[in-house]
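In order of appearance the chains are A, B, C and D, and numbering begins at 1 in each one.
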Amino acid sequence: MKKHEVIAMLLAGGQGSRLGILTRKLAKPAVPFGGKYRIIDFPLSNCANSGIYTVGVLTQYQPLILNSYIGIGSHWDLDKKNAGVTVLPPYVRHDGGHWYLGTANAVYQNIEFVDQYDPEYILVLSGDHIYKMDYSKMVDFHKEKEADVTIAVIEVPWEETHRFGIMNTEKDNRIVEFEEKPLEAKNNLASMGVYVFDWQKLRNALIEDDLDSGSDHDFGKNVIPKMLDEGRKVFAYPFKHYWKDVGTIESLWQANMDLIDDSPELDLYERDWKIYSVNPNQPVQYIGAEASVKKSLVNEGCQVYGSVERSILFPGVVVGKGSIIRDSVIMSDVTIGENVVIERSIIGEECTVEDRCRIGQPGKGQEGITVLGENVVASKEKSIPAGVEINIDNCHEFGCCPNGIHNREVGE
Amino acid sequence: MKKHEVIAMLLAGGQGSRLGILTRKLAKPAVPFGGKYRIIDFPLSNCANSGIYTVGVLTQYQPLILNSYIGIGSHWDLDKKNAGVTVLPPYVRHDGGHWYLGTANAVYQNIEFVDQYDPEYILVLSGDHIYKMDYSKMVDFHKEKEADVTIAVIEVPWEETHRFGIMNTEKDNRIVEFEEKPLEAKNNLASMGVYVFDWQKLRNALIEDDLDSGSDHDFGKNVIPKMLDEGRKVFAYPFKHYWKDVGTIESLWQANMDLIDDSPELDLYERDWKIYSVNPNQPVQYIGAEASVKKSLVNEGCQVYGSVERSILFPGVVVGKGSIIRDSVIMSDVTIGENVVIERSIIGEECTVEDRCRIGQPGKGQEGITVLGENVVASKEKSIPAGVEINIDNCHEFGCCPNGIHNREVGE
Amino acid sequence: MKNVVGIINDTDIKQKLKDLTRARSTAAVPFGGRYRIIDFVLSNMANSGIKNIGILTQSNNRSLLDHVDSGKEWDLLSKRDGLFILPPIFRYDQFTGNLGDVDHYYNHMDYLNRSRQEYILISNSNIIYNMDYREIETFYHKKRADVVMVYKNVSETYKTNHRVLSLLLDNNERVRDMADARDKALSPAAALEIAFMKKNLFMQLIDDCIARGYRDFTKDGLIKNLDRCKIFAYEHKGHAAKIDSIKTYFRHSMDLLKPEVWKDVFLSHGNISTKVKDEPPAKYQESAQVSNSLMANGCHIAGTVENSLLSRGVVIHAGAVVRNSIVMQKGQIHEGAVVENAILDKDVVITSGKQIIGDAEYPMVVEKQAVI
Amino acid sequence: MKNVVGIINDTDIKQKLKDLTRARSTAAVPFGGRYRIIDFVLSNMANSGIKNIGILTQSNNRSLLDHVDSGKEWDLLSKRDGLFILPPIFRYDQFTGNLGDVDHYYNHMDYLNRSRQEYILISNSNIIYNMDYREIETFYHKKRADVVMVYKNVSETYKTNHRVLSLLLDNNERVRDMADARDKALSPAAALEIAFMKKNLFMQLIDDCIARGYRDFTKDGLIKNLDRCKIFAYEHKGHAAKIDSIKTYFRHSMDLLKPEVWKDVFLSHGNISTKVKDEPPAKYQESAQVSNSLMANGCHIAGTVENSLLSRGVVIHAGAVVRNSIVMQKGQIHEGAVVENAILDKDVVITSGKQIIGDAEYPMVVEKQAVI
C-alpha cells in the first residue's frame, strides 16, 4: 500500500442529544443543513479540497443513514484507488468486541486501520462543525513548528469561554495550559476540535491511555492534557474564519440563518472550495407569479406560491398560496398548504402543514425555536406555540399525528 | 423508496474459528478461495445473477477487509440507485447498543433497514458457502407452495448427517421436523442455510424471539423450530448442484481442489452465471520455458519457472526454477524460491518460501493440511512437517519469522 | 422492459437551432435550467426499465460524452448492459457525403446483434416529455402489432410551419398513411418519432433499405412497408414538445412556466435525471423580485426576474431586469441591464446598463461566452 | 504531476496494422494478452500523477470509448479533472479531406484553455513502455528547456524499415537536428513521440502553425523552431517499442516473452491498468503442455502452447498445437489444429485438423470472427 503522509480520522459517532428529536434516528453528523447539505459534508469536503484523500469515519450511533450517505465517498471526490473513505464501526475481534468508549478510544480501536497507510501525521476531525478550512496549511504549520500536536483554535467572545475548551498560549502559539470549560478563563482561544498529531506519538499516547483505567478515553479531557503534562510540544493554530459548533437546536438554527446574509462569512458559492454533497435529481425550482422570495436559500424541486423571507428551503418543498414562511428552516419534501404562517421554526423532512396552520405562533410569551420532527402532520388550522418540539412520541398532544389518527403503540 | 419484492440479508459476522489462523484477522466470508475469489463473492454474485439487487450484509467480526472489499457493491454489479449493498454493523441507538447475539438477532436489529424497502419476501443467506444458485427460482417455488418459510436443502451422505441440520419432509416437500445434528437421522436432506421468509411473518417471529430470554436467537436452533411448532408452512427446496460448507481447513482445501477437475461440478467458466470479484490489475501470467503446469488454476501476475500440479495459484505468485508445487493452494503475492517442494498446503498471502524448503513434508506419519499464515518467511532449507499451522504467534518455533528475527512482543 | 434495447438517434443536425448547435449536437443543447435535451428520452428509457441503451451520435460529440459519461446518473452502470456511445463509423478516406439514418443504424448492426434483448425502441433525441414506455409495450401486445409508433394530438395546440410527420389512423388505431410534410398534415396525429418493434424486424427493415440504396428509415423503412407491416400508433396524452428550431426551443422552454406543464414533464412518471453539478441552493437577496420563473441551483438573485428560466450559477445583480428570457449557465446580468425576449447561451455577460431586447416571436440569441 | 495536462494523440491511422485497425483505432488494438495499446501511455500518465488527460480520437472510436469508459480503472474519476475524449470536430458539410494533427489540436484549444494546468505532455498512443514521466519534468527544469522530447537509443536493437524520427543531440543533450525519414537516421536516438513543455508554448506553436497553414506539429511546430526553442531530449533507458505495422506488432508482442522485458514493461514503475473483465483464473488440464508463454485469465488449456501469447478466454483443446503465435480474446483452437507464426484476432475459431502456418518474419493475420 502506498505511503500516505496525512490521513484523517473523522469522529462521527456522537448522538448529539442536545439536538433533541432531530437526532432521534440519525447521528448528528447526518443532520441536514443549509438547504442541501448534511453537517458531515463540511469536514469531508474540506478533506477533499485539502488534498487529504484517506479518511476513516468513526461511527457508532444510528449509522445507517450516515453509512449509505457516505458510500465510498464518490460524492466528495474521495473514491480513489489506494485511498478513499472507510466507515469504521466498532467490531468484534479475536478477543471480543468493545464499543467506542470515547473519542480517543475510537481511534485506539482502529490503530490497525491507520497503520495500513503508515502516515507521518494524523488529522483528527469532528463531524459536527460548520466551517471551511484548508487542513494542508495546518499540517504545514505543524511541520514548521516541529510540533507533536497542533490544535486549531478560534477566538470566542469572552462571555462564552465557559462553554469551550480554552487554550492558554505563549507568544509563539505554544500551548501551556488547556482548560476544559473554565469558569474564569485566562484566554479566549477555544479548541475547534481539529487536531494534527504525529502518528507515532499519538499511537503511543493512545496505547497508554487505554491502559489507564481512570481515563474517559477522550482527546480533550485526557489525551491532550496528559501530553501537555509530559511537556510535549503542543501548538495552537489560529483560525480566523467562520466556524460554528451546531450542537443545539438554537445554534443549528442560527448557523442556517447565518447563510442568508448578502455576504455571509461562510460563502457556499466559492468556486475553488466547493462543499460537496449528495445531489438529489430534482427539477429546477418554480417561483410562482404571486410569490415573493427574499433573503432566502431555495433548493431544487421547490414550488413557491407564497412568501418566503429569511428562510431556507431544502429540495421538494411546496409553499402554498398566501402562506408566509419567516426565519425558518424547512427540510426536504415538506408540503405547506395555503395561508399558513410559519415563524422561527425547523420543520423536519416530509412533514405536512395543512391550510391555515400557525407554527411557532408569535407573541404569546413563548420563546425558542419550534421544531417538527420528520413525518409530522399538522392538520388544518392547527396552532403550534413557539418553542415546542413535536415528534411521533408527543404529536397526539398537539393533534399533529400522521393521517390525523395516532396509535400510541406505533411510537416504538 | 421503491418497493422491492425480495431483499437479501447476508450473514457475514461469523468468526469461522475452525479455519484457525486463516480467520485470525479476517471474517470467514473474506477468506480467499479459488485463485481469485473470496467466499462472499459466491452469495453476492448469486444475488446479482438472480436479479436481487438489494442486499444487507450483517458484519460483526473483523469487518475491515470485508467492508472495504464490498464497498458499494460495484464489483458485483450491485451499485444501483434505490438498491445496492449496505454493510450493517451493530450500532448504538437511542436506548443503547447491542452486539448481534445470534443470526436471528442480527436481522432483528436491522428490522428498520428491511422495512425501508417494504419487501414481500426476505432471503436469508450465509456468507460461508461455495455454490451457484438462482435464488429467483427458489422464491418462485416459495410462492407456488404458498409457504411461510422455504429452506434450501441438499442431499448429504447418510454417514455425514450428524454434521448438519436435517429436514424430515412429507411427499410434497413440506417439512414436518427439523433435527439439528441428529445422531440417528431419519433423512439425509441437510439445510444449506438459505431461507426464504414472508417478511411480515418473519418480522413477527423475530420480535417474539427477541422477547424470549431462553433463546439463542439463531435461525436454525430457535426461530425455524418454533415456526414449525406453530404449524407454519415450512417447505424444503431441493438443490441438486454443487454446494460446500467451507468451515474447516480440510473442507476449504478440498473445495479448492474440487475446482481442478477437467469438468468440475462447480463451473467458474459459465458465461451466464459469472462469479464476480474484485479484480487486481496484474499482467498476464508468464509460464517459463522449463515450466510445467498441469491440472491447475493460475491467476494473473504469476511467474512460473517450476512445476505446478493439482494446485491453485492466486495473483502475483512466483514459483522458482526446479520447485514443485503439488496439491496446494498458494495465496496472493507469495514468493517461492528455487528447488522448493510444497505439498498439501495452504500458503497465506505474502509469504516467502526460500530456496530448497520442504513444506508439508510427506511420508513422516503426519497427516493433514499444512497452513502458513500471512507474511510468514520460511528461510532457506527449512522443513515444515505436514499438518502444522504457522503464524506470527508460533513461527519462532519453526524458525519461520519475518526477516529471520522474531520479536515475541510484535505478536499482539 | 429488460427485454428491450433502446436506441437514441442523435445524428440529425437541427440547423434551425442556429448558434445553439454550433458547438454541440441537438441532444446536448441545454434545456429547462439544468437539463440537456437528451435527458428526457434517456430518463424515460431508464425509468421504464430499459437497461441497454445505445446513442447514435455525430462525430462532434464531446459535450454529449461529457454529459452522459458512463450513464451512472441514469442508473445505467452495468457489467452486461449499460449505456453505449455509437459514433459514426467511416474513415476519412472513404467518406462520400451525407449519411442517412439508415447507414448509421446499419453500421452498428453488430451492437444490435450482440445485445441480448428481443425488442427495440428507437427514438429521436429531441422530444421533451415524460412517458412510461411500458404503455407502448402493453399496447403492442394488445394490438398484436408489428410496429408501434407514438403520436400526440396537436389539434388543440398551435401549428408550426416546420415539417411534421403526421399519421392517418383507422378506427383500430392502425396507421393507414403517413406523411412528412409542411402545412399538409394528414391528421392532427403528429408522430413523436419513436418506434417499437422486434429487434429482428428492425434489422430486416434496415437490411432491406441498404440492399436497395434507401437512406431514410421513416420514409423508406416504414412508409414503404405500411401494407406489409402492421403499424399501430399509441397516443401520448401528456405534454410533448419537439425541439427543432430556435422558435420551438423558446416556446417550449416558456411552456415550462405553466405549473401543469412543469409537473407533467418533471414529476408525472419518473424523475428526469441529468448530470449532477455541485451547486449550492439558489440565493435570493433582500432586493430580489422574482415571479413566474424557474431557477436552477447556484443562482444569485438581487435584481428582477419575470417569466424567465435561469440555469445553474446565473448572477442577476441588483437593478438588473430579466423578462421572458432564458439565461444559460453562469450568465451574468449587471446593474441596470435589461434582457427581454432573449436566449443567452452559456457564460454570457451583459454589462451595466446594456439592453438586449428581442421579440416574443423572434427571440434574440446571444452566443456562448459573448460579453455585451 | 498535478500541474500537467496529458494529451494522447490517437488520430493517426496506422494503415500498416492492416486488419487489426479495420474496425478500431490504433489505441484500441489489443496487445499483451489483456491490454489495448493505449493502456501503456495512459497508465504511465496516471501513475506519474497526471490527473487531467485528453485523448484525441478518430471518429470511429467505439472500441476506445468502451475500453476507457469513465477512466475509473486509471483512477481518473474526478470532479474537476479526469479523462476527456476529444473527438474530431468538423461537420459533414464542412469536411474537406485529411486533417493534420495540428488541426485536431487547434480544434480542442478550448479544452486546453479551460484546464488549470500549466504544463502539457503530449504523446502518441502507440508506444509500449513503462516510464515515470516525473523524470522528464525534473530534466526539463534542470536543463531550463523550452521543450523536452524523449528518445530511445536504438543502435543496440534491430533496424526497422519504417520511418523513424531521429534526433541529433549535442553534448548537452540539446536537439540540434531532427528528421523523420526511412533508412536515413541522423543518429541512433529515435524519438518516442512525446513532448513536454509549457501549455502556453504549445498553444502558441499550434497557433503559429494554423496562421501559416501548417499541418504537422513535429515537422512544422518543432523542426522549424529548432533555433527559437531550446529543445532537449531525455533518454528512456527501459524497454520501448513502437507499434506501427503488423511486423512490429508481432515482434514486440513476442518480446514480452523475455522475462526481463515482461518485468520492465509491467512491473518497473507502476502497474499498467486496463479495463477489468470478470474472468476466472487460467485453467490447465492434465494434458496441457505450456512453455515460454503468456496466458491471460479465462483461458482453458488442454493442448500444447509454445512461445505464444493467449488473451482472455482462449480455449486450446487437447491435441491442438499453438506455436509462436498470438491468439486474441475467445479464440478457439480445436483438436489436431496447428497454429504457427500467426496472429488470430478476436473470436477466431480454428476447427479440427486445420493448419494456419505463417512465417516468423511475415506472420499470418486472421481477421476477427473468422472460422477456419
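Following the convention adopted for this analysis, a residue touches a chain if its C-beta (ideal position, glycine included) is under 8 Å from a C-beta of that chain, and two chains touch if they have at least 3 such contacts.
Keep in mind that this is a model prediction, so the values were computed, not measured.
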More contacts between chains, B-C or B-D: B-D
Chain whose average C-alpha position is farthest from chain A's own: D
Chain centre separation in whole Å, for chain C relative to chain A (CA means): 41
Centre distance in Å when chain B and chain C are each reduced to the mean of their C-alpha atoms: 49
Junction residues of chain C, two or more chains touched: 79, 278
Per-residue overlap in chain A, given as positions that touch at least 2 other chains: 274, 276
In the complex with chain C, residue positions of chain B that touch it: 74, 77, 79-81, 274, 276
Residue ranges of chain D in contact with chain B within the complex: 32-34, 73, 257, 259, 262, 265-267, 271-274, 276-278, 280-298, 300, 302, 309
Residue numbers on chain D that touch chain C, as the complex places them: 13, 59-62, 65-66, 69-70, 72, 79, 84-93, 95, 97-99, 278
Residues of chain C that touch chain B when the two form their complex: 75, 77-80
Residues of chain B defined as touching chain A within the complex: 13, 15, 24-25, 59-64, 67-68, 71-72, 86-94, 97, 99, 112-113
